[in-house]
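Working notes for the structure below.
Labels run A, B, C, D and E following the written order; every chain starts at residue 1.
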């Protein structure tokens, strides 16, 4: 496409599908996921365990298991990554996208000094020499809130607590000044108080550096105050995509709504009954036709079981959902227009 | 080629010596302990390859009447500690052998005449035997040939403390137990310019194939063995074989003191039961062996065709075995041999054949080579004891006495027949050839009647050696006279 | 009950549609070969006497040292005494497998007992097991058995007992490790919370979980024993002739190697295939454990 | 303190302890030996639990929640651990019970674990596991079968659904229900739940929480509910105890604590709860210091190094639990003021989605 | 933080302490073993014609008639003085003999280890990097075959091929590397190869599975996400974390190599400790047997101390426990 780069979204994911061979045939881990992420925007991806969140970001980062068969396209700033050769693709991604994983205990190499882990990407991609890389690494460590950054540079990961390690991981992801930071459950393994600190840090960094961020989590509370948009995934599909406020205020997909009401909340009195979602998450090995949520959905109609609902886009184009029987639009009055989603963005 | 000085040779032995005690002598087969002792002590006299007793460290050992023997020593021979190799020294050594405390194998032999020694002068020792023995010199060469410095012997409290102080061609350099013995030239050897070699080494390699491969590759100079072991290696580049021209017999001992073989019928049954030609084939994995028919080879001057050992006759064997069983003597044979795979095969073959007779069975016990003599000769825990090498038997003595005399050194089975002793004495007490031959004819008759031994094969010994080895002189039917060895510039083994 | 009605969800739930069963992993070619080979070997060892046409191991079947030919007795040739090498291999298998089997039973039995007690109660038993395992690990088994056999004289019984004895440490250590790793697992705690006695926990909770690990360990350790036994026979301290043994047969043919190289083929092939098959079966079993763990 | 006089303690300085409670934990101290060092996982913790009541135990990782739960059920491993203090259940001092008595006691006290899958022996059939407690208690076969069926029914499963299956053939939620069934089968009147929903997804979690609540109500169960998710604890608990580095720093009615925490640490915990409310753009906090090593806790108040309100007193004197104006007890020299008086940025009521 | 040096020392000290009871157990058992022996050293020394009285006298002189405990204490006393007795026949000091012989075995064992490692580690890395690929499956097939070859088979086959048929390598013997370095290499070639057959396959397997496991780690995924190249990841991220396991196996393989030395040395007539102990056992040369048993234990303890130190060097997390 010959459009100036600034009108491209930073990230465009088009019909991304991914399947891995399993003992009982191929497992469709991702099915036709499409979305775009503008520059300097925070996106949350939520969904139950096994919904395919991690696989989605791994596929974007081109680090899906080698057995996985990936189709669809990922464009970074307009460039279709699949069209690049492996080396360039990895380098591009490594340079422009930073990634933070769930478990800081295992995602730092215990055998390599912290400093080197922070700086190695910048040395490789930005061509910094040792001194420059080192200064940059120390600056980054300081930026993620590590006291004695210069000393920490020479330390080994085991000398740090979980929260500190996650900060180091974040510094590592920031080494090349990425335009996009992906945090895959970056706080799940941490204590509640530390979790908040890390989320705060991510948020601050995103805003301060004007980068985009994808925050993957299964806790809706985490994305609530910290992201601009939210994607809800279910059974390897994108079921709803909306600006954060709108998603919480008036979810259209019934799964999203069910998820929201299933959460215990501290503003409810003790022993409040929680809403539950019956049934089991869908089997990826034997996907049934139709909406993956249909078997668990109280409002499911025959159409739901027959065919996967197409993506419905709201009038302003900012709220997308895939449901035959969506919930009412609620307060904001943006009566959505049922229209098939445009083929490309 | 004329011998040249210098160079190194390595002789491979199958096992290491156990001490430097000159009194410890056991069989003059090449590659045995005596081969190593010879290098430092030197044979006082030796039997050359024609069967004639020749002077070694001594000039001669002779007798007119086979009773009074005169040992003439060489002048100026000194042990390496400077003590003179004189009549006193010889006398001391032999008296030591005769002393039971020394526990020498030939104690019985030497004790028989040790009191008859008389030092005439430093270079002359007169020995008066209790009875005529024409083979005395040869027996000395076989059983008490080594003389060590009396000083060195007196110092040592233990056998293992005896230092090898001799007057032989070489001096001990280093002994690494079970690995090697290194020797260097004795500069004061009496027979200059001999020895020619600068260094002589004995290496220990028990594994036959490894031994052969080592010689073939030039890792060592020579080893003793049999053609059946060499196979195609004998034709390899740079190696040659040399036959040691003796007639040797493969033999096994019957236990005459107990068990089934104390009955002569059992011994005859055993002879009849096994095809000895095939036995040799199993043993050597080669064909073309004809079983020996007598103690003496058919080409021996003492051979008497009138007597021959029982030949293969399974029907007769079965008959005898059954008869023995009827007398309450079950044909149960315990075979004792040592851990050598050829011998194991031999024993297994015997077992296999014996077991195929009705009422007969055999068991095998394997012992370490060094323990065989203990197991058989001392403990007499066997019915049939199989010893590995061949024993020289072309000349009559000394082995015939060693084997067949009741007091014989190799008479492990305790065969005891006064007639045999008398016949052997008769042969030994005269130097008249016809009388000797007549006496040996009696011996043969007794051998065939009594079957004291199981004589199952005839072989000559061989050396496998590098083809540039010169001066290979055998003595006593095996052992090399190492002072003659030299390195040739070109292949020189005949 | 009211609770039931309060949860229509559960009530309406079908039993799982397709129960996830633990399937045995598919056999690779090598694994199929290994199972088949072991099966044949064991069958051959058991029925060696009844195989039609196969001569007895000590029967002089043909010429001495005849090269292999296409017949049941001459398959691997005849040895130096004309005996069928094939028959001797099968009879040797009987001896070897018996020795190794008994030794394994001994070591497995005692090792499991000691290891479980050590892992569960720690303290002095653990010290003892550690000391024992360390001591045994510090010495090459051949050395120990050689020393022992020279002391007591060559004896198959002694060798079997010694082989078993020396392996006790290995099993004990593995069992101990397995118990310790399970000790704080929630299901052990759950059992204790239910009031289960120590014996019950050891036997009902811990033991079944040790089994797959040990099962995967048994074949390679048996292979190790076969090698040790073979080495001893090779050095002349093992099974006494004329009883056939693999190590002894290799030693015997080694002496004739330069003249009849083909005769060593059979015993070598057998011992290598047996060890290979046992190792492969061990791999297969541990692959199964990995898989199970992944599925859990 | 002597363990034979718990009533003195409760009557005296610690007013939150009740003499009529079913379970009484008095001055519980658990220490582990780590090499040469002694490490206090739980220090001097006292609380009690009445029938039908739910006590929530919260605190960050390593604060000793699990250890307390296990200590109550006498499940702390024997080697390398020392227990101090007293635990009585219905006036039986658990430490003095014989094996047989303790086994009987286990009918009344049960436990549910965090990881539903690993709390099942993977090699056994679930029906057997659910019935195991009854078997151990020596119940006859038929009776056992009946009780198992009942327990399964209570958690919404049936024998037909589980017969012949092994744990790995069930999902996490189902396993947790089976775990509850296992505990229920014995008919206990108290259950310690150690993070029973931590490993479950929101939808399943809601399900299990509801189930526990229903059963609790139906059987008048006493629950100790351990969790680090304060939202969940809020939902299930009548009373809440907050632990910090092995010490109890605050205890009281859940309503009181959630409305107005007194201890700064509790405050921090509450602040950290992710609230599904997009309206509130959460202000990026300044980020507190990391917890201190528990092997060498700081002098005085253990929280002082992370506490914005700490002063010299906190470094010298270890604060004891004392009643707060809000109603709960807290161990703090400078407790947070009651609601309305303080300058907390947190809104009192949180908005709910439509 | 405690200084690194003292941590290492403490780890080593713990090992050493744990080794002492093992040492005592083994050496005492060796002393007591002689009571079981049917033939005595005295018999062997005195030879065939010895009388019972002579044997008894010699036994008394050597002290074999005293209780095992006393003999053991004596032996310990000697050990403290560095006096391990003398060999039976050649009267070499056992301590000195052992030093010489052990050097030979060590050379062979270490070379075998080195050769195996040099072969195994790079191949394992290649193999693990392309797990499931052609190279991987070929190598795993080949190694599982090599793994099944007992030493006594590899010895026979290799010596047949290389020394009997091809005559490339010497069949027996040994020469000190200080005397003739090249010749030394020729002599140790076959022994080293024979041991390496099994050993390299073993190392390969361990290293491969360890590499494969390391490559599954999250931090490798992180490195890939950073856009680093495969070879960089292999060398900089995967190699070191895989080494502790390899090191353990290296330590354990010492026992295997010592066991293998019996076969190898007796077959190639190499004067190492395997050879020595076989002969000593035959000769009832008790001082030598005992010394070698204790040496083996010492080797084992030392090797594991080294392994511990190795962990500490490789793994920054290792602290003394």
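The criterion applied here is as follows: a residue touches a chain if its C-beta (ideal position, glycine included) is under 8 Å from a C-beta of that chain, and two chains touch if they have at least 3 such contacts.
In this text, all values refer to a predicted model and were calculated from it rather than measured experimentally.
The set of chains touching chain D and also touching chain E is given as A, C. Comparing the CA-atom centres of all chains against that of chain A, the greatest distance is found for B.
Interface comparison, B-C versus A-D: the pair with the greater number of contacting C-beta pairs is A-D.
The chain with its Cα centre farthest from the Cα centre of chain D is B. In whole angstrom, the spacing between the mean C-alpha positions of chain A and chain B is 93. Chain centres here are Cα means. That of chain C falls 24 Å from that of chain E.
Separation between the centroids of chain C and chain D, computed from CA atoms only, is 48 Å.
Among the residues of chain C, those in touch with two or more other chains are 9, 13, 254, 257-258.
Counting only residues that touch two or more partner chains, chain D has 207, 210.
Shown for chain A are the residues that touch two or more other chains, namely 276.
Partner chain A is touched in their complex by these residues of chain D: 54, 60-61, 171, 201-203, 205-207, 209-210, 213, 228-232, 234-238, 254-255, 258, 268-282, 284-285, 287-288, 290-291, 349-354. Residues of chain E that touch chain A in their complex: 1, 217-219, 221-229, 232, 236-237, 240-241, 314-317.
Taken together, the chain E residues at the contact with chain B in this complex read 39, 43-51, 54, 87-92, 97, 100, 159, 163-164, 167, 170-173, 266-269, 271, 275-276, 279, 282-283.
Residues 18-19, 21-22, 25-26, 30, 33-34, 36-38, 141, 144-145, 147-153, 156-157, 160, 164, 252, 255-256, 258-259, 262-263, 266, 277-278, 281-282, 284, 289, 292-293, 296-297, 300-301 of chain E are the ones touching chain C in the complex. Chain contact summary for the complex, chain A toward chain E: residues 58, 61, 63, 87, 90-95, 97, 99, 101, 103, 106-112, 120-121, 124-125, 156, 158-159, 169, 172, 175.
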